[in-house]
Amino acid sequence: MTAQRDTDGTLGDMGSIVDPADVLGGPSVGAFDDHHPPDAALIGDCVHCGFCLPTCPTYVLWSEEMDSPRGRIYLMKEGLEGEPMSDSMVGHFDACLGCMACVTACPSGVQYDRLIEQTRAQVERRHERSPGDKALRGLIFSIFPHPRRLRLLRGPLRVLQRTRLDKAMRRTGLLDRVAPQLAAMERLAPRLGKPQPLPERIAAQGERRMTVGMLVGCVQGAFFPGVNAATARVLRAEGCEVVVPPSQGCCGALSVHNGREAEGQDYARVLVDAFDEAGVERIVVNAAGCGSTMKEYAELLADDPAYAERAAAFAERVRDVSEILVELGPVAPRHPLEVTVAYHDACHLAHAQGVRSQPRELLRAIPGLELKEIAEGDLCCGSAGVYNILNPEPAQELGDRKARNIVATGAELLVTANPGCLMQVTSSIERSGHPMGMAHTLEVLDASIRGAPVAELL
Amino acid sequence: MSSSPATTAPAPESVDQRIAAVADVARRLLPEEGVITDRARLRTYECDGLAHYRVTPALVVVPETAEQLAEVVRACADHAVPYVARGSGTGLSGGALPHAEGVLVVTSRMREIREVRREDQRAVVEPGVINLDVTRAATPHGYYYAPDPSSQQICSIGGNVAENSGGAHCLKYGFTANHVLGADFVAPDGEHVPLGGMAPDAPGYDLLGAVIGSEGTLGIVTTVTVRLTRLPEEVRTLLVGFASTDQAGAATSAIIAAGIVPAAIEMMDALAIEAAEAAVRCNYPDGAGAVLVIELDGSVHDVEAEFSDVERLCREHGSFEQRLATDPADRALIWKGRKSAFAAVGRISPDYIVQDGVIPRTALPEVLSRIAALSEESGVRVANVFHAGDGNLHPLVLFDDAVEGAGDAAEKVSGAILDLCIEHGGSITGEHGVGMDKAKYMPRMYSDDDLDTMQLVRCAFDPHHLSNPGKLFPTPRLCGEVPGRKKAPHPLQAAGLAEVF
Amino acid sequence: MAASTTTDLDGAREALTSVCGRVGELEEASDGVDGVRPGLVAGPNDVDQVAAVMRVCSERGLSVVPRGRGTKLTWGTPPASADVLLDLSALDRVLDHQAGDLILATQAGVRLADVQSVAAEGGQRLTLDETVPGGSVGGMLATNASGPRRQAVGTARDLLIGITVVRHDGVVAKAGGRVVKNVAGYDLGKLLVGSFGTLGVIVDATFRLHPVPAATRWVSAAFDGPARAHELVQAAVHSQVVPAAVELEQDEQGGRVHVLLEGRPDGVAGRTEALRALLGPDATDAEEPPAGGAAYPWDLAATGDERDTALKTTFALSGLPDVLGALGDLDGLRLRGSAGVGVLYAALPHRTAPADVAATVERLRGVCGRHGGSVVVVDAPAAVKDAVDPWGPVPALALMRRVKEQFDPDHRLSPGRFVGGI
């Protein structure tokens, strides 16, 4: 028999796939260098049970071990054991959407989110990408985290001409990839109205119950200014004094999720400074991806002596807006909205932050509103930050799958809490030929509090 | 039948040549991503759910159709290449451990539910279909697929067939073997053989009965016809807290003695409860030395009456808290604690062995106290999770491999528990299978004559030992002269390592 | 092929007498094994003697046909040869009944009825019906005979948890064990069940038991044609009343569907009402089973050419109307069976011409085949068995032959009684 137990002595344990004691300490020789390689102790938590597989969008699409969380953790382990960082290995790390559905599903508590972040930082530093891939990534990160540039993108062709990016984009294929998303944004834009810059400080209606700082975000601020306005109105109506620090910028989520660690840290420091000066009790976020990253600033800035402590205190105060509203409890009266709603869990809200019940609770509390659950609700829609631009094919497959499940609910209005999801699902639903209304949870809540007609949302 | 590889090959091929030949066939049949040769990728397949056995396969093939799968198996037969079938890779006995000089045939892309036939109470599915997905597909018709291993959210039907998987509800509803009526089967010579069918009692030997639970050593199923079971009108799930496993065990016996056959009776001891709480916050009763999860299902008329009997019997045997799940969400949470228990133990111990043994249920108190004594003597902690209704124990033997000798001590305790099972007339495995892990224990349960007789089946199906070789049986045995074939002495035989059987 | 009548029987008798309790000749009145008279009858008293007999037969190349209580010896095809009839009726001990574990171990020669009396002492039963009165456990296993209660718990293959067999060469082997849940090793029991004595001699068996239900109730409804019969059966199987049996019978008097409900009295009462509502205003209920009970529709007392042609038809449930339609117009036909699982037994009167039977069977094979099933001629007069292959086409025959080759390389165990001449 050719089977051997523990041939190389790396493993001695029965339940775990790697023994931290054997991997820690020695200099890394394989895929990873010594600067925060994927943590062997965290890898060791994986018992290879496979419960994560059916929750993983890429496993659902391709049914291959190496495109599952368990497989990717195994690839990390291989890297620690000396396997080189090959193109194939990187390809499987890149293919991860970072949706964190596996983290929710894992009975052993494996922190895959930490592991993939550590791995991606190593990949960005150590892996030589093809020139086209490099250019595409460079371009994305020169636009998306910058609210001002993003705002300019609202008239995409005009922007392309003005910034002379059109040639570069055509070379990289970015135009083809971004175009459908831009088209979707544009389709949404008129309904959302003109950008409405929020004042720096908005007083609470009635008795002040809490002072909160509000993140306006990049994509949210640029393409869904109405969501920010609605958020501010709802918070005010529920007795919050809302502070909107003008010095805030990007939260760094897109950078961190794509292994651009240093860039992400820079964004984080700016944001910590901005909100520290505001002196607020809570920092409220209405974009799932931003919230999940901001809650992890403690880890992100742990190595920075000047910021570590402040970042931890900052992260402690971060809440998704639905969490705050449920925590405070409603004071503003709700007006009926006779509408059937399908609520889509944004991965970075449901899986990364564990916020599932709060948005549903808020929606259910609206008289006349009927809430439908979406089949395969835990499965990512394929947006995943900028994943749909970097990996358009799987993203589209997932989007179409999501659209089918949403349409099957028969709901009139799709509600979700993340700008990326909203854009992705919009384009998929348009493709499906069953157009329906789309809104952020807070827009629905705002409409109910204002007593606005349902038609405003549809 | 294809001709014998030993006679057709003019000159013996090297291992690399033979693997390359199979890979060529596979590449002709499959898209690029269906044939895996890249080392980093191959290595992600080097173990199944039992991760301490690891072998890198020479080649991984991921077919999408039965025809492709059969062609690959035929190529293996033609080139005398061993192969191992793998579904979702969740097995806990190393049954899908690859062969270093062989092909791993992965069925994960054969995942279509072909038909759900309510009128016939059947579904026809491909082997890569996930167990729970069969139930999901049948539920709108008022039906479900009864066998429910704890890994049902990911384990595949093909894997269930190989392992004859059970689950918490097999106490009342039986195992995979009782719910699989037919299969298209690819024998180790690459031939398609239909076994059983839509109707029961197909004439001839019950080859399907032999294939189910044969752990992939007889061949690979490519379509499976399963029985669908009517969703019960009423289900009540009761979570009962006891001070000790003795009390919980006595309550179990009393329930069975009262003539009640619950859908499930599951027991967890204090340590297992602690792990489950840490993992899924299932909110089991505080301070319980043991909990029982008792599920009653059936007609509303019977369940109600049985339920009050069960409540009373539990009370009479010392239960201090009883909690009835009143809605599907509560039920799901109770079951989540139980079904996550194995992996959840990772929260309270760096390393652990999941053991699987069976005893006659009446021996439960005796065996549990012996396990406790073993644990006491050795200082090795043991968490107990089991299907109390049918005596299927899953002791979880905890250790920290960073501590010198801890792994060996744990393995000793784990082995001693199996000896206890055998001593009480039980089995070395109730549902995880023998695989790689327990082949060495087979002679403790069966005599040489018993094992030789089982080998007759193997020789009929797979005379050249190409299908999942090295699993299930402790020593390699060769099949006698195969009718119509002439072959040179097997190398193992020539070397005196194996006897001709 | 198998040993023939030229074998030296006197030598064999001597050798067998030295190892076996009873050795003799078949009583004159018996017609042997479906008309084939055995040279000798060996009646071992225990498993060791069975093994010794098998060794002697192996050494001398004698063919062996095992017999339990001799109630189903005419089933299948007649053996090509039967040098020794192995009479297992002395293996008549129930070995163990563990009521707390719901298991029972018994020797193969024990009558099923006797097993039931032992189990009943603990308030339990082996949930298998006695379809032929007086039959043994071993015979029931070898033929996989089943009755109405298979609806809920399956047949012998589903309830058998351990088995001991004596091989052609006298080696005694066991598989499975004494616990309900056990996946260690191949399930030889499944292979042996229904193998008609062609793979080995079953000497003991261990079963899982069920509690005897406190109450039983039969709910019956008449039907006037295949469509209504199908409606009734579908109503029963898709209902929430958890039927323990869904039987159908049809004869000159018409057709009825009978549904058995078992369990607690309060539960059965409630379910009876629910089921009556489903089966229509004419449905009736009774505590007693319908006349005929679990028995087959053919005349069990008849022998030789007086025997009815006994058919077993199987089909996916949706095929019931077609199968009933195909059977419906046959003269003198009697039907009974477990329609709820897709099994119907049919009796054609012995006077039916063999050629007509053959044509009918071929036609039925077409219908049942289209519905995923088959037709087996369980028993019939010799002329009928000559006119039609009782077993019919068997798709996996090549693989079955390879199994037979391994278990009985000299083809001495019940040679020719089984599918494809195995």
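We call the chains A, B and C, going by the order they appear; numbering starts again at 1 in every chain.
The rule is simple: contacts are C-beta pairs under 8 Å (C-beta built on N, C-alpha and C of every residue); 3 or more make two chains touch, one makes a residue touch a chain.
The structure presented is a predicted model; accordingly, all values stated were derived computationally and were not measured.
Novice: Of all chains present, which has the mean Cα position farthest from that of chain B?
Specialist: A
Novice: By CA centroids, point me to the most central chain in this structure.
Specialist: So the chain nearest the centre of the shown protein is B.
Novice: Any idea how many Å lie between the Cα centroids of chain B and chain C?
Specialist: Comparing mean C-alpha positions, chain C is 30 Å from chain B.
Novice: Using the average of all C-alpha atoms in each chain as its centre, how far is it in Å between chain A and chain B?
Specialist: Centre separation, chain A to chain B: 37 Å.
Novice: Distance-wise, how many Å sit between the C-alpha centres of chain A and chain C, to the nearest whole number?
Specialist: About 63 Å, centre to centre.
Novice: For chain C, give me the residues that contact two or more of the other chains.
Specialist: In chain C, no residue touches two or more other chains.
Novice: What part of chain C is in contact with chain B in the complex they form?
Specialist: The touching residues are 98-103, 123, 144, 146, 154-155, 157-158, 165, 167, 171-175, 177-191, 193-195, 199, 210-214, 234, 237-242, 263-264, 266-271, 274, 312, 314-319, 341-343, 368, 371-374, 376, 391-392, 394-400, 402-407, 418-420.
Novice: Which part of chain B faces chain A closely enough to touch in the complex?
Specialist: Listed in rising order, the residues of chain B that touch chain A are 33, 36, 38-41, 43-45, 47-55, 62, 88-90, 94, 97, 99-101, 106, 108-109, 111, 128, 130, 151, 153-155, 278-280, 340, 342-347, 350-354, 399, 401-402, 407, 410-411, 436, 469-470, 476.
Novice: Note which residues of chain A are touching chain B in the complex, please.
Specialist: Chain A reaches chain B through residues 1-7, 11-17, 19-21, 44-45, 47-51, 53-54, 62-66, 71, 74-75, 78, 83, 86, 88-89, 92, 106-109.
Novice: Given the complex with chain C, which residues does chain B contribute to the contact?
Specialist: By the definition above, chain B touches chain C via 1, 117-122, 142, 163-164, 166, 170, 174-175, 177-178, 182, 187, 191, 193-195, 197-210, 212-214, 230, 232-233, 253, 256-257, 259-261, 298-302, 305-306, 358-362, 387, 390-392, 425-434, 438, 442, 445-447, 449-454, 456-461, 472, 479, 483.
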